[in-house]
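Okay, got some structures for you below.
Across the two complexes that follow, subunit A remains constant while its partner is subunit B and subsequently subunit C.
What follows is the complex of A and B.
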């Protein structure tokens, strides 16, 4: 039961963050086409550092998380939707 | 031969850099420079990829002392590295990361010993020594080398330091990398030549910038770009005290300039220059639109092209911007010449991007399109004829050659480009194509659409006729015409659409008045066709 709740809220957050990314970056895909494990950089969604800065700003407003390069590996946080959401879930204040 | 000192720092105890583990004195810096120079291999060219600005500076100084040339390409894609190796077969790469995958012989940045007690003299560098070659992406696709001599670089950054009021007790913090011309000059050489200190950091996120600023003493200057500065202000964090802000890479919007000066209580300077010329002018955007040339720099107008010359510029250099001289010293900027694009400070030529696109295997025809710039960042788009190819395959091929900022968004696969009768591709036609797409209609096929009943049991597919009818109704509404004026000339169904599928219905009206439409779902093409218009009855 507990596990179910946890996985539900994880999925909700992933859906929500995917939707935020699609909106703030004007992406050509829909939120449900962003797979949790697919890379956001390079061959996956193809985000670059300009996008990452945009997403970081939206995430800071929505969840009260200030991303930092030195706290964890920046490349790792943005390696996939799941790792970004894990970071948000662990650090959110809103 | 005339020489100029490597550093303007007056005493062995002067602070050259601030690092997270403490300050670096001139003595310690010079000691580390000599240690690294002794380790350098025989090759006379290096690619300095150190991501820590201090280590980059040690690498640069060691290379200068060892008589080696630092190569500064605009990006490090596999293709650019291959071309760098053709330019300089003896090139090696200096890296401070274990994860560096650049395909060149590596020199790992070493652990350094403490400095010896004997004072190390500041090296004098011959002004004609070529210390760096900066590359631009040429219009042919081959990076174009621009050699930089020590004397010319020093001359230009000294003028900059004077304009910006950089004093010897100042610290420079940069969000821009030292590997690009702007960061090379404004975060590193300007510190060396004015006796200021540089911060090792390369802050990226707003919180990083605040932390990097707080870590160094006042007076401190932030060297950045409109993109980073806007994100930094928007984050609404408490801003550390600043002595000045420097911006380049993209035009600074006036409102952002005002906001920065008000919130930071510091002057904002904008730098103008190019990889070819180095920096040649500054302005305070809050004090007026006009730019002020550095002393000694002049314009030369010839055959409707404008050239920069004088002072540190050896031979006149044609400018890629539309420049309107106002007085001998003042000028106005009116954007770039048509072929040149600039995305977040990275430059490319449209001609060369088109050339690259058309050289990809499977591409029959294709063109990049740069929409009118509306914000700090405007993205390229591309339209491509490549039967049987996926957009993702083409993007992966482009990524081998291009910095990610130049990858098209979207890359649109079409049956034919809107070329006119002479085979030319008017910008207006591309503009119409993408505008129609931007106004594209989105329609999510309802899961309970009645047409799914019996079509087919266990594998619901929306019948083509229903799809077509929906598309026509949307297009008719969008262009304000009655549906009975439409006559379908052709239609092609490429792949099936099922329940919940999100369709994008795009259309474009050609010069002859025919309407081309396409229906896509993500990067999958569902259907396309064309419609002729009957005259109103």
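What follows is the complex of A and C.
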């Protein structure tokens, strides 16, 4: 039962973040076309580092998550929608 | 707006790199005056054996000069390029005593530095951006980080290390997932982030502007970054005037710190237009300082 709730909220967060990304970057795909495991940067969704910045700014505003360069995890955090959402879920303050 | 790769990015900058290597060696061995006589030989060499650059030079000068272009103009153009590259060696070694710098608009820079929120310094392949080092000597609170394509960053630091190991520049390489987060961090610390905004090393959205009477396309990336990070932008040019003279100009370009997200697109476009105007203004003022030796005005594909 608890597992079900957890996976529901994970999916909700993924949908929400995907929607935020589509809106702020004017992507030509719809939110549900962004595969949770597909790379965001470079091949995959094809974001560049300015796109990543824009996502980082939107995400930090919406969820109160700070993304810093001293964290060596950025490569991992932005590797896919799923890992970004995992990071948000673990660090959100809003 | 279109996405395309510039022909500059497709052809390796073979001649630039070769010229830099040759000149470094000569300058360190012979000193500025003696080395400058060698510059004339190098100029002749490139004038004869770099036909693509020669054609680009002629095409550009046709736009910038209000008269027919002659061989001495091409010579002067190539020589100016060689001279500024050569002088970088001395600037990197902090031999500011060798030069006479005229500085215009330093108050614009100073005012923004005092605020401590960081700013962008956008230049072009026009004259010498390296002269910022001379400004840095007078203003010790000026910390400049250069933003550039990773390949160039590595090459430049290799060259700098060879010339003066203490001079290795603070560089943020583009093309990393967190390149922009690093830019943000430096700005937050009050640093100046410098870049040459007239070319794109890879794929970037391009925006059409008018420069010297024709349409050219500028990369949008630098302005998008400045708008997202909500910082002021100053245009900088270090124009070579001949002999040992440089004119360093700082011009207010844009301030994105108060732009609402809804007005971002319009503010970026205004910034790009202003950048193009300043570029044209300085091309007219010091025409031989233009160092884009490819067809900058190439038509859309």
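List of remarks:
Everything that follows uses one rule, which is that the second predicted complex is superposed on the first by the 93 of 94 C-alpha atoms of A that agree within 3 Å, B and C clash if a C-alpha of one lies under 4 Å from a C-alpha of the other, contacts with A are read in each partner's own complex, and residues count from 1 in each chain.
Basically, a residue touches a chain if its C-beta (ideal position, glycine included) is under 8 Å from a C-beta of that chain, and two chains touch if they have at least 3 such contacts.
Since the model is a prediction, treat every value here as computed from it, not as a measurement.
After overlaying the two complexes on the shared chain, residue contacts for A:66 are found with subunit B alone; subunit C is out of touch. In the superposed pair of complexes, A:53 makes contact with subunit B and with subunit C alike. Looking at the superposed arrangement, the partner reaching more residues of subunit A, out of subunit B and subunit C, is B.
41, 48-50, 53-54, 56-57, 67-69, 74 are the residues of subunit A that lie in the contact sets of both subunit B and subunit C, per the superposition on chain A.
Listing the residues of subunit C that touch subunit A in their complex gives 174-185, 203, 221, 224-225, 228-229.
Interface residues of subunit A, counted against subunit B in their complex, comprise 26, 28-30, 33, 41-43, 46-50, 53-54, 56-57, 60, 66-70, 74.
Residues of subunit B touching subunit A in their complex: 203-208, 211, 227-228, 231, 234-235, 237, 343-344, 377, 392, 395-396, 399, 403-405, 407, 409-410, 502, 522-523.
Against subunit C, in their complex, subunit A makes its touches with residues 41, 48-50, 52-54, 56-57, 67-69, 74-75, 78.
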